[in-house]
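Both complexes below contain chain A, partnered by chain B and then by chain C.
So, the complex of A and B:
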């Protein structure tokens, strides 16, 4: 362990079951799902018809008109969420040195809806009709770029692309940058590609649910697991060095105490999947034992093979029924890069409220021997949370989130 | 054939569609004509996008490099009108 501890001091959320952290957290603890039939386009010709769509986001209410012609929906939501996170942290970026602030986001699709519209113009009307802003609006890195420009943040910036695992990888990269001396990083992810082009791309994984029943379509760990429902949204978090946060008297939600990332072996090699090792690395990095973990936010793939891998990893680390496990993403669908930052926001609020949010609609298979927090939120002493995230193609990431006030306890 | 005339009102409509406007610019004030695009907050991509829309609507072809260096709205309006006059002469 080296360098400064990285703490979370602000959050901004755009989720299918709530816009803004307060609305989303109330819905999450109340078991309110945001999954329903796609309305952004007609899904009747596609195998999958359900999604988690962020309700009521009107970009013009949150952003200046200059930004609208040059931004995809995911960027607009990311900019708004970053604004909310900064406000939540009590940060006025204009009052801070520009080079002390950076941005790290994750992305799995880039600006698909924007890109689809411009490619449609390209082939139907010709190159001269393509927006000049296509030059960057669909890039993976565009959310980091736009957040840094809007807020005058000239410190290190970047993007990581590793599907759902990327949401944790971005927070880990932010911690690295803080350890190297940047005082504040806006970190996290918002993904959105609920447009026909994005939808077709998502179908290719073969892991999407084709159920049309919102309460039965996404059932991780259930005997009826039949794939996942995709969603849009995510969270941006303000991460600071513990020292900087303390100096300005900031409210601290918690610390990114540990992180681990692994790749699964190539199919057919006969070696075991690497999720468990990612979690063990994260626990070791945080200097905590499995017994000190109060809750696990699961990746919750909802395919029998992947659920089994995750249940085995949790069982191996914690023992049968050894730790409360939850998957609030059953209320949002899987948000790709946005999922894990949202889970981290949930972990931080679980620590604040001493309440583990529930998993809805699903009943864990007894064979998995999981203590699933189902239907109702569970009051509990929550100080340390493990968040798991897997990305398509073998990415495994794990993060340990710990209550504030212990940042220096584990430093050697 | 008389040349079509490109006015500040035309430019205003197209810029707002192409790159937005908002609080910092008053396109209704003629002072805007001689204010530099950079001071108005329109960077080179905004000018390229604006130019592309003018080209499509008026059937003319502007030089991309000249566009991104265009100093003021007045300069852009004069350039467009010069193209329109030239086009009218060749009809």
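So, the complex of A and C:
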């Protein structure tokens, strides 16, 4: 069942601190945050007022006008990011056999802004005013469907929904499909529900920061941790079998070497949370020891209880101050299912540049005994990275990203 | 595929016409229908006025008042069905390792009913663009992210292994079980509780299908409104429901003496890369999914004893699907019994795929093929054996179940009786 190794050969990024992978990575390494006061609508009446909004994305510059009335903003960004990822990988989908290409995306809440507008029409104007596109523009499968149609990809499709953990689950499903014989998968997620209706729904999690100070609102692992700032965006990645990538002489960023997913026990059972086990499963799956991991991209929930769980998991696996830990999402906010694919893109570029991006604004509580890469990026030998992601309700996912060139080394 | 084989060892179904697997089977094997005029809200403003609703009382099915309050109807259905499937499997969850048990829930539209209701409140009937958070229900986040369904099911059955929601529109129900079977096969979990649930019968769903004329406008005779493969068909009937199965590795299941309903022998999904809602008449991508699933099961078309069709009852689907069967199966397409249970329980979007997998397994269990109800008028473009009106006793050792959905997704799963699927 081991099959082919799955490697990353392209990335397309839409992030609050940079549109396009180059802009985003430069901003990330420079410590530039994209968090600010919401401008998409007036947030002054709501408890939370800050968000990470993707700057300068004009859908009409990237997509044909006929697609605009039938797409939510998150789908438009996903379609553009998929285009950029394919270009980055040097892939022309029209030149490849259609059934050899698939799409797997994660979503957390679908095209919620589109949904709000149609609900408004339904209840204020009547049923006959609802758009013909509502039947698919808001649902969770929309990005996989639209990306497959735009690029003529007839291979396996998939859509997973596990809140913020889903971004890693999508990459793992892409790896399964590659192992079972599909040559190329567009995988990842772009998410957004920055509309009043989505905003109100997010507030009810009780996990959002209400700070109005962009530099002090999202402070994971900090003594002042006060919840997270939501954002929009994410990344789409091109994954290929190592063989297919080699055959066409592709530039390989790295490999999805390991993956693990767990659920926390039901509330009230008094048993420990399962994040650590997810990470251990991923390490075992990759055939690497904790000592071989050069950096951890943390989930970084920024609530004291959840930070503690994550710090404990990292400490148990790596020992106190045992591995550099970073959370560049302090510059984007939490992007729901888009967060983990963006972190994986960051891990791949950290491997490329031998540079661990920083965690801004935050100072880790000494009690957590974390080696947090704060303020400045840290040059380091980076070959193996662990990425962690958690979703509301107890979802834990972990992925091991490894430098190119070792794809066959640890295969059973 | 070589390696570990995956079997269904427990099932539960909650579908229109009755709560429970027995009730479900007696409905569909007797050819009765559960479509009716909508009672959940006043259907007068809508083009389509019929649906397949479940008379479901969550309190009577063991949910606490708090669970009922915090869960959307689709989550309630899922939790009750998942518990039922685990009970049916005879697995002692307390004795097993929860880390080895995972959950997948398929759902096309998540907590649509709850979102529709809550939106109305926070927007004050659609009047406020800046909806008012002070009126938001405390559990609204769980409606925002349908992953909450999987969390609820995992809590209910005691699962702490790999878990997610699979949301590929109307193929979610097949894809959820296919995804879970793969986790068992690769060894990521020993047990998967897999299924799907949708409860979409709400004004926003009715309105969006009205807008593209996908649902039937036929209101005069609700009990015969769903007419797959019939010459007079003019749209599907929206339904709701859930089904869950318990998946285990074959040898482990045998060792504990589990009842083996079926082996998940083959599965594939493909995309038409054509249109979010439209289908090319040639059925090429569904045919490809069928061929790959059969190949994985190492079966020739002649080995198939029954096809549980998508058969939604729209003009284009039934034509598309008929073409796909012919393309994938050749001569066998002309002789194999095919039926659509949507004629009886409606189309519950992401849920129906798992319900149809359960129906397929039950066809093997009872050696009976359920019929296509309401099939009276021949359509020259649908010229296969759709088992009209009356169930048929047939030797059923292998079943193909297919699904087709918005987004262009086409899925196929092959089930086989474990006794005979020796390789």
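The working rule: the second predicted complex is superposed on the first by the 411 of 412 C-alpha atoms of A that agree within 3 Å, B and C clash if a C-alpha of one lies under 4 Å from a C-alpha of the other, contacts with A are read in each partner's own complex, and residues count from 1 in each chain.
The criterion applied here is as follows: contacts are C-beta pairs under 8 Å (C-beta built on N, C-alpha and C of every residue); 3 or more make two chains touch, one makes a residue touch a chain.
Remember, it's a predicted structure, so these values are computed and weren't measured experimentally.
Of the partners chain B and chain C, which touch A:202 in the superposed model: first, second, both, neither?
Once the two structures are laid over each other on A, A:202 reaches chain C alone.
Going by the contact rule set out at the top, does A:366 touch chain B (first), chain C (second), both, or neither?
In the superposed model, A:366 contacts neither chain B nor chain C.
So, does A:69 touch the first partner chain B, the second partner chain C, both, or neither?
First partner only.
Which partner, chain B or chain C, is in contact with more residues of chain A?
C
After superposition on the shared chain, which partner residues are touched by A:56: those of chain B (first), chain C (second), both, or neither?
neither
Output check: A:132 vs chain B and chain C. Expected answer is one of first, second, both, neither. What do you get?
A:132 contacts both chain B and chain C.
In the overlay, answer first, second, both or neither for which of chain B and chain C A:267 touches.
It touches chain C, and chain B stays clear.
Check chain A for residues that touch chain B in one structure and chain C in the other, and list them.
After superposing on chain A, chain A residues 70, 128, 131-132, 135 contact both chain B and chain C.
If we count contacts the way the header does, which residues on chain A are in touch with chain C in the complex?
1, 41-42, 45-47, 70, 98-99, 102-103, 107-110, 112, 115-116, 118-128, 130-132, 134-136, 139-142, 144-146, 148-149, 151-163, 165-166, 169, 173, 176, 180, 193, 196-205, 260-267, 274, 277, 336, 391-395
For the complex, give me every residue of chain C touching chain A.
Residues in contact with chain A: 1, 3, 45-46, 98-99, 102-103, 107-110, 115-116, 119-120, 122-123, 125-127, 129-133, 136-148, 150-152, 154-155, 158-169, 172, 175, 179, 182, 185-188, 203-204, 206-212, 214, 268-277, 285, 288, 405-409.
In the complex formed with chain A, which residues of chain B make contact?
The contact residues of chain B facing chain A are 16-23, 41, 45-46, 48-49, 52, 55-56.
In the complex formed with chain B, which residues of chain A make contact?
Per the stated touch rule, the residues are 64-70, 128-129, 131-133, 135.
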